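For reference, the structure is listed below as C-alpha cells.
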Amino acid sequence: MLDERGLIEDARSLGGNYHLLKIAAPGIAASAKPGHFVMVRVSAAYDPLLRRPLGILECRPPYIGLYFQALGRGTSMLAALGPGDSLDILGPLGNSFPEFPGKKVLLIAGGRGIVPLYHYAQVCAERRPLFLIYGGRGKADLPLLDRIKALRLQGLFIFSEDGSLGQKGLLTSGLEKIVREERPDVTLSCGPEPMLAALAGLLKPFPMQNLASLEAIMGCGFGVCQGCAVRTVTGALRKVCDEGPVFPLEEIQWPT
Amino acid sequence: MADLSVDLGFRTLKSPLIAASGTFGYGEEFLPFFDLDILGGVIMKGIFREPRPGNPPPRLHETPAGLLNSIGLAGPGSEKLQESIRRLRARTPVPIIVNVCGEDDDEFVAVAETFSAMAEVAMLELNISCPNVRQGGACPAQDAGHTARLVGRVKERIRKPLIVKLSPNVGDIVGVALAAQDAGADALSLVNTFLGLAVDIDARRPVFANIYAGLSGPAIKPLALRLVREVCRKAYVPVIGIGGISSGRDVLEYILVGAAAVQIGTINFREPAAALRITNEIEAEMERLKIGNLSEIRGQLQT
Amino acid sequence: MADLSVDLGFRTLKSPLIAASGTFGYGEEFLPFFDLDILGGVIMKGIFREPRPGNPPPRLHETPAGLLNSIGLAGPGSEKLQESIRRLRARTPVPIIVNVCGEDDDEFVAVAETFSAMAEVAMLELNISCPNVRQGGACPAQDAGHTARLVGRVKERIRKPLIVKLSPNVGDIVGVALAAQDAGADALSLVNTFLGLAVDIDARRPVFANIYAGLSGPAIKPLALRLVREVCRKAYVPVIGIGGISSGRDVLEYILVGAAAVQIGTINFREPAAALRITNEIEAEMERLKIGNLSEIRGQLQT
Amino acid sequence: MLDERGLIEDARSLGGNYHLLKIAAPGIAASAKPGHFVMVRVSAAYDPLLRRPLGILECRPPYIGLYFQALGRGTSMLAALGPGDSLDILGPLGNSFPEFPGKKVLLIAGGRGIVPLYHYAQVCAERRPLFLIYGGRGKADLPLLDRIKALRLQGLFIFSEDGSLGQKGLLTSGLEKIVREERPDVTLSCGPEPMLAALAGLLKPFPMQNLASLEAIMGCGFGVCQGCAVRTVTGALRKVCDEGPVFPLEEIQWPT
C-alpha cells in the first residue's frame, strides 16, 4: 500500500457518463491484484474533502486502468482530467479475490461492477474456465463489451433491462438457468446492492462458494476511520475497506 | 534547523503535532506511510471497557470542506486495545495516548485505571465530548459540574497525566475548561466535533440513524481556533488545539493563540502522510519566520 | 408545475427563497442578473439610524468553503435607505424586508419605527445577532432576557410583521428563540454568522481588527441545519432557515426539518444569479419528488 | 455587466508564475473598457469559495485576455486550465479609466499592475502621446515586454530591481526625472501598494491629474458585500469594486 502521484497517460469518455483513465502509477501497479481498489484524491482543494474509492480495471505495470461513472461531484471532477494531469492515488487496497486454481468460476457483474471482475478475468482467463454474466440498464451501460469479448471467456451472457443488448431483463432473471447449466464451483459478483441482495437469495440453494465485492462510503480506505462498516448476518459490523471489499455473499445482512 | 519540541509542563514532546483520536486507528495502520516517531504523540481511537459495534451505517457524510461522522465509538474494548498498544510500542517509541470513554462515570474511571496501569501509555485523554454516543449529542462536557466531578474522580485513580477533551457544543466552553482544570486536568484538548445534521431529501430522513453527527475538517477551523483562543486566555494548564488543521500555517495559528500543541484529525483520512507533510511545513514556516522554538510565539497574538 | 408559494401565517410568499441581509446589497445591484420578483423577499443590508463607515479593512477572509466577514454593518443610515427602498420598489414588486440594527435598544426601536411607517416595506427583521458590532462578538441574541425585552419594545411600536434573527453563538438557541416568540416575534430567522477567527502568522495578529469575525457559506450548513431543526421542534411561529444554502437540495433539507422559508447569503457573492438557479433547482426537485407544495414536506423529517 | 461562461481559446505560461489566458466571452468583450476588471470563478466546488478579481489585459471581441500571477490557491487552479476548458466570468466591472483625449498621459506599471495600463495603451496609443514606465523585480517579472514594444508608445522606460532589464532600481527611483522631462498632463498607475504609496508622495509637487487602480480583497466585485473598502484621506471608506478600482491617487489614505 502506498500513496503515489499518478500521471494520466490516457483519458477516454465512453459515453453515458462512463470514463476510462490509464494512469502511470508504478508502485501500485506493481502489486495490484484483482479485487483491489484505490482511493483517488479528486481535488487539491478541500471540496470535495475525501478521496473516492475506485476499483482497478486492469493493471499493466507501470499503468493501472480505472473505469468509472461520473455521478456526483467527485467523479465529475475526475472525468474532467486529461493526459498530463496528475492525481494522488492510494493503493492497492482491500483483500482482493482468491485465485481459485482449477475451479470453474462464474463472474456476475452489474453495471460498473464489472471493474474487479474484468480485472480477474484478464488475469485468470487463461488458467481456468471462466463465465461472465454482465448486465446493465441498456447498451450505454455496457460500454466495455468489446474489450470483454477479447477476453478468453468460456461463456458470456449479456442482459439489458431495456433489451437493447443481449437478453432483455435483469441479469438475475437468467441467473438460475445459467448456474444449472454451467455448474460453477465459485461465483464472484459485484454490482448494485439490490442485485447482490437478490443474488444472495438466488444462489442459496446451490452448493457453491459465492464471493461479492461491496461498495460503502469510505473516509480513508485503509482501515482507520471505521466509516465503511457493513452489517453481517451475525449482527457484527465489518469494515469494507480492509476486511473487504470481498466478502462471502451469505455473510452480509442484505436489506430486505 | 528549527527545534519542534514543545513543553507541556509535565512532559516535553518532540513535536507539537499529535494524531487525533478516531482518525489514526491504532497507529499501526500509518507505519507504511511515515516514521511515527516524528510525532508528539499518537492518540488511540476512543475506548470503552467492552467491545462496541458502533452506530449502523451510513456513518460518514461529506460536506463542503467538512466531514460529518457518526461512528459511535466503535471499538474492540479495553483488553484488545492493550494488545494493540503493545504491538505499536514494539514498532515505535512515539508517545501513546489513550482516549478514554465511558457510558457512565464509573466506566470512565475503570477504563482510565486500566490504561493508567500500562507502562506503554504516556498519558490519557478523557473523551467527555463525543457527540455520537447519545441521540441528540449530549455528553458530560456540556456541563461544568459533571465535568468537574468526573475529572476529579478519574484523577484520584490514575498516575498518568490527564488531558481532558472538550466539546464545542456548549454555551460557555471557558467555564467547562476551568472546571476541568480546577478538578485536576493536566491539560485540555479542544475541540471535539461540532454537532451537525444532514438530511436525505429522497428518504425524508436524517442521513444518520442517530440524527445528529459530528462535523470535522477544514470547514471548522475558524470556529475551533476562536474557541481555543478563548480557553487559552483563561486557563493556565496547557491547551492542545484541534480542529481543521491541514497545514503548517494552521499549526502556527493555533500556537499563536496560545495552544501548546495541536492534534490533526480528518486530514489523516485524505492524506495518510499528512503528519509528515505538516511537520515539514511547520519547520519551513519556522525557518521563514526565524522562530527557533514555538515557545517564542506561543500565545503571542498581538491584539 | 410545482407551486413554490409558502405560507408564513401572517403572509404568503411567492417562493421560500429570500435574499439574506448584507449579501444582497440594496436589491438593485441584482437587477441585471434576474427578475427579483421570483423571490419570496429581499432583505436590505442591516441599517442603523446614522451612516456608519463599518470596520477597517480587511473585512473579508476566505476559509475552506466558508467566508469570514467583519464588515461591521457599514451603511448609509436610515434616511438614505428609505431612498434606496423607494428606488427598488419602483423597479420590482418583490417584498422588501428591512434588517433593523441598533447600538442600543432605543436605536433598535427608533429604526424599526421608521421603517414600519414605510408603505414599501413588507416586514422587518430585527438583527440582534450581528457578531461584528462589538469586539468579542457580543450581541443581544446571546441573552434570552435581553432578547425578550427588546422584541417586546419593538413590537409595541410597529405595525408590520417582525422577524427576529437569532445568533448561533449561544448555548441554548431554543431558549432565546422561545423568548423572542413569547415577546411577540411573528417569525424567527436563523442563523446569523458563527464567530470565528483567522490569524496572520506573519504579522502575529488576527486578520481582523475586531479580532473575531462571522463565518458563513457552505461550510456552516450542517451546523445551521441542526440549529434550525432544534428551534423548529419547539417554536410555533414560522422559522426561516439560513446558513450555507447553495442548492435546491439544501432548501428542501431546511424545509424538511421544519423551516417555512429560507434565506441565501454568501452564495450571492459567488454567483449573482444564484437565486435564479436555486429557484429552478427547487422546482426540479419538487417535480422529481412529486411535491406539489412545500407545505407537504415542511417538518416531515422522519426520525 | 453580465455573468457569462467563457471558453478558453488559448492558455500560455510565460514563466515565473505568469500566465496568459485568451477567453471567448463575447458579452463582456463587447463592452470592456481599459481599467475594467472581471471576477473569475476558479472552481466548480466550494473551495475556493469566492471568485478572483483579475484585470482585463486586452479586449478583441469576442475575446478578452487575462494576465495573472499564480500566487495562491485560486490563481494556481486557473493556471492549470487549458484550451477547451470553460469558466464563469462576471464583468466588465469597475469604473475604468477616462480617455483623456488630447492629453499627454504617463502610464506607471509595477509588475502585474501592467494589466489595465496595457489595455489603456492598446486602445489609446494611436490617439494621444503615451509614455510607459514599467518596473519589476527582474526580467522574469516583465514577460510582456515584447508585446509592449509593439504598442505605439512615445516613450518606454524599463526598471528592474536586480538590473536584469532596463535601468536598475525601483521605478520610483527614476520617476521624477521622467516626469520633469516629459511633463505629462495625467498619470495612470497600477502596482503594489507600497509603489502607489510612494507615487502619491513623489507626484504631489507636480500639477497633474493622477489616477491609480487599486487592489483589495473582494467578495463579490459588484458592490454588494462591502468587503473591498479602502480608506480615503477624509477617513471615509469607499468600495474598490464599484466606486473604483480607479481613484485619484491623492484621495487614498496610503499606509505610512
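By written order: A, B, C and D. Residues from 1 in each chain.
Just so it is clear, a contact is a pair of C-beta atoms (placed from the backbone, for glycine too) under 8 Å apart; a residue touches a chain by one contact, two chains touch by 3 or more.
Worth saying up front: this structure is predicted, and the values here are computed from it rather than measured.
Participant: Name the chain whose C-alpha centroid is farthest from the C-alpha centroid of chain C.
Facilitator: Between chain C and the rest, the longest centre separation is with A.
Participant: When the centre of a chain is set as the mean of its C-alpha atoms, what distance in Å lies between chain A and chain B?
Facilitator: Each chain's C-alpha centroid was found; their separation is 36 Å.
Participant: Where the centres are mean C-alpha positions, what is the separation of chain A from chain C, in Å?
Facilitator: Taking the average C-alpha coordinate of chain A and of chain C, the gap between them is 47 Å.
Participant: Taking the mean of the CA coordinates per chain, how far is chain A from chain D in Å?
Facilitator: 52
Participant: Two-or-more-chain contact residues of chain A, please, as numbers and ranges.
Facilitator: Within chain A, the residues that touch at least two other chains are 45-48.
Participant: Any chance you could list the residues of chain B touching two or more other chains?
Facilitator: Residue numbers touching two or more other chains: 63-66, 217-219.
Participant: May I ask you to sort the chain touch graph into line, ring, star, complete or other?
Facilitator: complete
Participant: Residue numbers of chain A touching chain B in their complex, please.
Facilitator: On the chain A side, the touching residues are 1-3, 41, 46-51, 88, 90, 216-220, 222-231, 235-237.
Participant: Which chain B residues qualify as touching chain C in the complex?
Facilitator: By the definition above, chain B touches chain C via 63-66, 68, 170-172, 194-199, 201-206, 211-213, 215, 217-223, 225-226, 229, 244, 249, 252-253, 256-257, 285, 289, 297, 300-303.
Participant: So in the complex, the part of chain B that touches chain A is made up of which residues?
Facilitator: Per the stated touch rule, the residues are 22-25, 29-30, 32-33, 45, 53-54, 56-67, 69, 71, 74, 217-219, 246, 266, 268-273.
Participant: Spell out the part of chain C that touches chain A in their complex, as residue ranges.
Facilitator: 64-65, 218
Participant: Under the definition above, what is the set of chain A residues touching chain C in their complex?
Facilitator: 45-47
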